[in-house]
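Quick notes on the structure that follows.
In order of appearance the chains are A, B, C and D, and numbering begins at 1 in each one.
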């Protein structure tokens, strides 16, 4: 198990290079290789999650052990949260890559697309596995830079504009993160997350730590598109090609935003009440304002993009309430429930938001537009797209028995249990508005009369696109099985356990 | 042989998980099957629904009330050795099979059989809905499971799924119908949200999630809040004021069989069922809540019927009546006395019977004539005699004319109100108001059904309807069957139906007097006279506005017999016209009001996203600075 | 301490450029200035008074090495910065070709 | 792009060879002295910049721009990855291990695989810089 860990980074990286080298010579290679590699990695991550024994695995690159108890090597750390994230990244990555085989045919420079795609996945896998804070930054930038390029892939006016804005804001946040890394290194003389955590426990320069924490919230908050750092997201996510939108919205903002917030604030910093409150407030703002911005949109993908902000708000609320309970010294099992709800919602969001973007891509592929005012009546001619899109819409708006219902239920119950009734009420109202806006999308796209297109032109998307959509739609229902106690305890509880028991993560220092 | 049969019955047919899982799996199977097996799907769905009905009947007859059955315990799944993981699940999936649940399940199964038979002819290739039968079966399964569920989480899962089938059973072929479907799903989804809120509050105050073990006093703010959250859920489902607005829209645009199945019967059954559970089992309600319930009830009665009076589209008219009748049930249940609850439940069953019957009649009319407006109809009684007789019986039932079932249940509710007035409480002292408003509502119902019957069936037959024939057997059979049940329930109300079916639901109650009780007869008389007076007034008014007869003119439709024109005069009254105009603009529709507010907010936030990069960067810095100032200054 | 402060001033200069300039190239230059100030900050972190370069030399009693780790970090960060800058410039040139203007306020098709 | 004046071209001819040589010197001594792969890449790419600036882009005889350099760039990373990967597969089961004999400190052939890594990264950086330059310049 241990020696398989670096494969998550090597394989996509090697694929990217091979495609750049030989892709032009063998067209089959550039199409089949990314899907094959990502399928293998998906299988590997599911093997990890099944054979998980709730330990933490460490991989030392280059075999450099610690010297005088100071970890000097680059470490990959594999714990429950990392495995969960790996599953999400590689699964959605595989399905988007497979989807892209048909979708991306229309564009020139296919090999560059696949190379950048694999590079992005390598970056995200690296972020999730990395055990020290600077490598995390490097992988984060790999993922971010390839996403900048992918957003501008269609090289049209709007796409370039979106990409430029995304880059400028992304660079700003990256610089704040880099500044933070500098400050942390200056303060602790270490880059290893566990080591930093140990050193910071010993000493207490409270103001500096709070300063660092806030810079991290702003930096990762921008990557995760939390309000008020969200402004790039609707532009970028709606401009990218659809499989990339699915990756950006479904995975990227989680892997380089939410995941890092969770990882650093639980495992590196001590949880304080003020920071927990701040995170919860930001989450609430994102949840409410995001959905209010989404409801009036007429561009299909822009609507979906704004919903990503809102749904990330749910995730952050779940996490934030857990932090609040922990900071107040409340019942740990309720904190665990809340955090598990947030993580569960994150998993679910990857599935249904990925699916929704793929649906939008299929609609755009056949009709050539994604303006809701021009669409209509597609349910008859595109049965797969319309039914999968309905299931994803119901999942995101929290209609049972789809997975979104259960995760929202957990978050709402946890919020009420922690006596944040206003938050509970807002979460429910936002869920209702989400339902309204997704029914609008359904109504305008799939119901009503077919607009005056050439009827022969409107047909179901090609096989690879349908396959990805169907698999994700099945997952939309299938993931609700995670609520069943037996399965939940095997997966979710391990994930939460390493988060709420900080000392457990620090054990990796002794295992080195 | 008999032993084998006994064994078969006891292991399968009389097994509670059997009637949950059989339609569920059938529904999933029917979704997977391709479209071209339509006939097979129909027959298969019918067979399964009949089997389900039979097993529901067997369960109903078996005297095993109040038994807790584990959903997985009796199902063959238990033979799979899924060890302790599975044990944890089964704790959630506990079913409570008491008398009330059994009754609801029985009627749910009955209605599904009737609707499927009716759909054989009604749903044809022209107005086919994708996966119609599959969603009918799923609806059946989920309704049964929602009625039986003891755990609130299990309950909300199946209850929530019902709104999706409601959405899928309407064909979104044009703008208006897809709007109606959207609106229904949003309103019902919102009510589900409120139920979840109530559940969260219950969880907070440390209660269990099992309905049969809950007994929450409504003495503090939180508990009342939870109570209202649940109440909103049940009101929206059943369609009580002010959450009723989806029902008329849905009834207008959906296929009549869908309307008969969901808003007219199943949603009423489940919504009122849940309300009984809330008021009777889960919470101990105090007198202020009783007052609120009664006020909501009478407002629902009056508003529903006043709006119904104005409708020209007969399906929409029926939709508003579906709202109005809920008011009686809310009043009955709101009384909280055993007699009131029995009256409410009895009215719920009766309402489901005649209202789904009326929708089937509407479907038959629509099928044969293709018209949706009462103004375009007339004189169908000769062409469609069976439909006409059924419609007449349903109309008399809904208006509360003896000896039909509507009278029996309304009478029980009136009796309940009178009994209720004997005690001292705020709501009790106002009993005369509740009683009078309920009676007025009944009279107005009669008036509007006179309009329906005369508009559709009476009068001069139009030429274009010359070729109209009676509907096919599979379509009139369900109507006639429902009409017979209506008569039967009415005639045997005091002897058989009330003591045998409804008495076990609430235990002992004082059943006062016979039909000849003077107060009640008097009240009924008043309601009949009032109705006919209004009707006659309509005729006089109509005569007055007609042109004078000079001779030699052709016979005009208008001079002959117009039933709908008169009702415009009501809307022209000064007081009413104001409200009707507002209602036409959907000013009172909770859905439209909240939509406007949200869109206003959207425009405010949307203008901030001006597309200028530096403002985005400034947001980032401002956010950062505010966070820094807040945290570093307060620590 | 003064050097740290100067670093910070440089960072603010870059930030000012990003916020106020309209020209897309100047915004990119602002970002590069910010980045360079951060590199200097890292170099300062690693600096030790009278330290020498951390390579293998003849051992004496009082040899002090500067911290090599920030230097390695800065090298990596420079590579990343190079990629970012190249990306930014490529997009800026393309933008100019499409819109025929460098003014970021006129490049605002995506709003709402 | 057209080239520059004759003086510049001539001086270029003289200098470029020396710059290349200097680059190769640094890359071979990367594990002994400060500098190494990244500096080398910059130096060699600088030599190419000079050539292109003086003679114009025609000197490269490119059918499609950045073709050759892009292949070189990919090859550079590929060699690097293969070196790291052989450590994982064949030799020690640990990614990135220095599995060759270390030799004596201070000699040219020493410190295991690091010189090889240096060469690979040097090629990669040079090609990447040149690639970027071409993309922006042409």
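Note that a contact is a pair of C-beta atoms (placed from the backbone, for glycine too) under 8 Å apart; a residue touches a chain by one contact, two chains touch by 3 or more.
Since the model is a prediction, treat every value here as computed from it, not as a measurement.
J.: Once you count every C-beta pair in contact for both, which comes out on top, C-D or A-D?
T.: A-D
J.: Between chain B and chain D, what is the gap in Å from one C-alpha centre to the other?
T.: 77
J.: Find the geometric centre of each of chain C and chain D from their Cα atoms only, then give the gap between the two centres in Å, rounded to an integer.
T.: That pair's centroid distance is 23 Å.
J.: Centroid from C-alpha atoms only, then distance chain A to chain D, rounded to Å. What do you get?
T.: Going by mean C-alpha positions, chain A sits 36 Å from chain D.
J.: Cα centroid separation between chain A and chain C, in whole Å?
T.: Each chain reduced to its C-alpha mean, chain A and chain C end up 28 Å apart.
J.: Could you list which residues of chain C touch at least two other chains?
T.: Residues 18, 27, 108-110, 112 of chain C each touch two or more of the other chains.
J.: What are the residues of chain A that contact at least two other chains?
T.: 164-165, 168, 172, 234, in rising order.
J.: In chain D, which residues are in touch with two or more of the other chains?
T.: In chain D, no residue touches two or more other chains.
J.: Would you please name all pairs of chains that touch?
T.: Touching chain pairs, listed by label, come out as A-B, A-C, A-D, B-C, C-D.
J.: Can you tell me which positions in chain B touch chain A when the two form their complex?
T.: On the chain B side, the touching residues are 82, 84-86, 88-89, 130, 153, 156-158, 160-161, 163-164, 172-175, 178-179, 181-182, 185-186, 189-190, 192-194, 196-197, 199-201, 203-204, 595, 598-599, 601-603, 605-606, 609, 613, 615-617, 619-620, 622-624, 627-628, 630-632, 634-635.
J.: Quick check on the complex: what are the chain C residues that touch chain B?
T.: Touch residues, chain C against chain B: 15, 18-20, 27, 104-105, 108-112.
J.: Show which residues of chain C lie in contact with chain D when the two form their complex.
T.: Residue list for chain C touching chain D: 53, 55-56, 75, 78-79, 82, 86, 89-90, 93.
J.: Going by the contact rule at the top, pick out the chain B residues touching chain C in the complex.
T.: It comes out as residues 606, 609-614, 617-618, 621.
J.: Residue numbers of chain D touching chain A in their complex, please.
T.: 70-71, 73-75, 77-78, 81, 84-85, 88, 92-98
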